[in-house]
Amino acid sequence: MGLCDVSIRIEGNVRRGPAVDFTVDGTTVTGIEGESLATALLAADIRRLRYSPRSGTARGIFCMMGSCQECLVRVGGNAVLACMEPVRAGMVVSLGMKP
Amino acid sequence: MQQLQLIVLGAGPAGMQAAITASRNGVDTLIIDQAQKAGGQVYRPLPTSHAPGPDLQHDNDFAAGERLRQELADSPARVAFGHTVWRISPGFEIEAVGAESSKIWRSQAVIAATGAYERCVPFKGWTQPGVIGLAAATIMLKSQQMLPGRRVVVAGCGPLLAAVAASILKGGGKIAAIVDLASRSEWLAALPSLLVHPELLVRGSQWIAAIRSAGVPILNRHTVVEAIGDDNGLSAVLVMPASADGTPIAGAAPLRLEADCLAIGHGLVPSTDVTRSLRARHVYQPDRGGWIAECDDSHRTSVDRLYVCGDGAGIRGAVSAALQGQIAGLAAARDLGHIGKNIHDERVAPLRAKLRHAERFGSAVARLMRLRPAMMSVIAADTIVCRCEDIVRSEIDEALNVGAANLNQIKAWTRAGMGPCQGRVCGETISSLCAERMGGKERVGLWTGRLPLRPVPMRAVIGDYRYEDIVWGGNKTALDDEGRLLKRS
Amino acid sequence: MKSFRSRRRNPMGPAIDFDVAVIGGGIMGCSTALNLAGGGMRTVLLERRGLCMEASGVNAGTLTHRTGPVSMQPFYTRSIAMWKNASQWLGDDVGFRERGGLTVAFNEKEAVRATQDFKLRKQQEVEIELIDGDRAREIEPNLSKHAVLASHFPRDAYANSSRTGYAFQKALKSCGVLIMTNSEVQGFESGDGGYCIRTSTGQVTAKRIVISSGAWVRKVVAMLGYQFTDAVAVRVNMMSVTERMPKLFSTLITHANSGLTLKQPDNGTVLIGGGWQGRGDPYTGQTDLVRENVTTNFRLAHSVFPGIEATRLVRTWLGFEVRLPGDEPMAGPLPGISNAFLIGGFQSGWTGGPYIGRLMADLMLGRDPELPLFDPSHAFRRASVQLNTPNEAADELSVKDPIH
């Protein structure tokens, strides 16, 4: 982690915005400003975003449209859906902990 | 608080066209959407910091989305993007929370154009990271320009399979296989209806050509039976040959596909949260995706001045949605007194003709993506059916055995549907499991519409206040001036 | 009176005979039916939707001894003891938890009120104590620093009201009660043997009826030709629940001014109650939040536990709770007839249901109820002399609820 994994970002169709750094549970991750936090995390090989509360099973992106609530993480202490949240420089992301 | 004549909920093709049409006909209109820009799911825009390259600019879908966004911007309609509507009252008061603030509006009329979401049929291992919806994969590919994985299994039914697979290949990813419930003959049967939109068919055949030339295995009449992986996510997918009803053929040998992503979808479910909250009458129509608000040919629901259009009124695709939006916009303009009957009828006639035409394609595609009910019956007892609350099938069966009366009682007894997704992901599954025991989907019923429409931060509801300013009394029963109880029953 | 010599056949099968038909499957109806069956009566329970789905399943499940008017204390105390013991008589503990409770005060005025209230209760509840804000924060570390005083009630408890229907469905079935859900009563015919009751799923005959129809009572009694002398009102009680969050508190929280209940059950969600009103109509099923009441309810919650702002609101419910004329509950025979009874209109009916239903059954079984019941006769006038001519009110009040 710490490097942009360019192999899942498709090149050629878009000119992306600037690369920015943010933290995930204290570790620095690089993403592209404005892209969905969910896919930025995926690009950094962070697939597990939280655990389900009753059985403690790992969860990640599922619907990508703000419906399923599976990608719920905390940004700056606030509960947000990673799929609907744009990446910003310096954002402080906390992933869900095992219950 | 702002007072408007019309609020359009949802800025996909239906919502955008409704807002454009109504506002152009003189209606004071506001369109609200959760996303930062208009487009809904089918025309989901690029992030604001990304600029499209020449290939993308010429892509039909992208160009259509950009054109519609521009048309909306050029129309008199006001916009409130980045706002999540959580509260709607009869008559209509609407509250939404944005990044910075909450807003409340009052409107004489509402057009619900809230679209649809993915239908998910549970199977073993489906909740682990790496398993995503087909529509989710489409969103990642188109609007984020991201591959959903490096080696992907694409599964389910409908034309989205080919679209997603082709996109992944084009983007430099690998497809382990396409796992299609439908047989080739089902596709052939749909062909005459699909020919209504030859340009879309041509695109489809281009996708197939790309898939073939990449040597991607296409497994017709196959179904996913298990997603294998660990806490870090998916590593393999098991598939089996299937019958026409979508269930695996007992005794057949499973095939193991190595993959880091499974994109799976079985059609779309209309979003009815707004219409349910306002207690509109709903009907169950499987060929339109399931429960939808009953409406007339001007998209009026059973609730006065509440209209519904687009996939939320029944799955028929983007072309149909856009036409419906225009028709609903004209109806609102007429009902609010901005245009007379003659002008309305004159303008709506060609739209209705085009809609009938688009229906053929839309309904053929919807048919390919319909729920195959048997798939729900074969869900194993220990498979999670409610993801939010980790409820497994056997818990639903137990509640049915005890005698739950309807879908909402299943919710009360098992907690299925009580989680943050508010029953969106599990609703189809739970109601299918109930249907046999309760005597059909109509008897099972729908989730009772409850607020908030979406989870909303407590902070946004509480706002800023001083303790000493709190006004007491709203917990006491209302009294009239003679001290008698006000509310009559 | 008509006799049943030419008895109409039940379209669902042969005519069914019951000793009693209970009309309305909320807590009062369920509890009464359970006890009647236990006393040997062949019992049918008619419910237009599902058991305990209305007020009985949509309430905060609070079980404290400060519920309701003081005169009702003996009833609620006994009923709370039954809830505590529910696994014995109901076969399900309904999520009962005795976590203790704090009634919190934030200023001098509230402290005075809390202290007065405390002194009254101390006479009955020996273990309770009045504590200062610091001591309260020892019990609940996340409690607001602005809390100045609290009463501590170690025996305060709560249960999960949404499980009530499930528990009674099992218990009633195992007692041999026929439960007819999705069966709306449409009319009565009375004769020598009792009543012939028309429902949306078929006909039943019963020697006696118990009307436990909650917010829909006016329509049902109108079918028998009865009218209340005064308005029947409906409270529209709001309840809210948040998403699961890390443990914020463990006791049951109430406020010195009333208007707040807070619980955080084992699953980590926070339930917010307090009786704040919404708007709604039981006959159409439409409900609506009153925004100011939501705001105030949540601001009170936040005043107690500021940490609650970090979670999300996931759901609100609005439940219909009937208030009979004069705000007086009823449990007894309908005036002028020996075989029709009415039960309902209790404040905190869910709390009192288990015990009051037992008393109702005792009365009907010819046993002496331990505590006096509530005679309905003062609240009624007969709309017409003939029992078999339901008045227009019954037809006006057609239930148009389009969602199940």
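As written, the chain order gives the labels A, B and C, with residue 1 at the start of each chain.
FYI, a contact is a pair of C-beta atoms (placed from the backbone, for glycine too) under 8 Å apart; a residue touches a chain by one contact, two chains touch by 3 or more.
Because the structure is predicted, anything quoted here is derived from the model rather than measured.
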item	value
Pair exhibiting more inter-chain C-beta contacts, A-B or A-C	A-B
Chain whose Cα centroid lies nearest the overall Cα centroid	B
Where chain B and chain C are represented by their mean Cα positions, the distance between them in whole Å	37
Separation of chain A from chain B, taking each centre as the mean of its C-alpha atoms, in whole Å	23
Between chain A and chain C, centroid-to-centroid distance (C-alpha), Å	46
Touching two or more other chains - residues of chain A	53-54, 78-79
Multi-chain contact residues (two or more partners), chain B	419-420, 455, 457, 459
Numbers and ranges of chain C residues touching at least 2 other chains	243, 310-312
Complex interface listing, chain C residues touching chain B	47, 49-51, 53, 57, 106-107, 146, 162-163, 165-166, 169-170, 173, 179, 181-182, 215-218, 230-236, 241-243, 257-259, 274-277, 282-286, 288-300, 302-303, 308-317, 322-323, 327, 401-404
Partner chain C, residues of chain B touching it in the complex	86-87, 89-90, 93, 95, 104, 276, 278-282, 302, 399, 402-409, 412-413, 418-420, 422, 443-446, 448-452, 455-459, 461-463, 465, 467-468, 470-472, 474-475, 477-478, 484-489
Touching residues (chain side chain B, partner chain A) in the complex	34-36, 41, 46-53, 55-56, 117-118, 127-133, 135-137, 139-141, 144-150, 171-173, 230-233, 384, 387-390, 419-421, 424-425, 454-455, 457, 459
In the complex with chain B, residue positions of chain A that touch it	7-10, 12-18, 32-36, 39, 42-43, 47-49, 52-55, 57-70, 72, 78-79, 84, 86
Interface residues, chain C side, partner chain A - complex	243-244, 267-268, 310-312
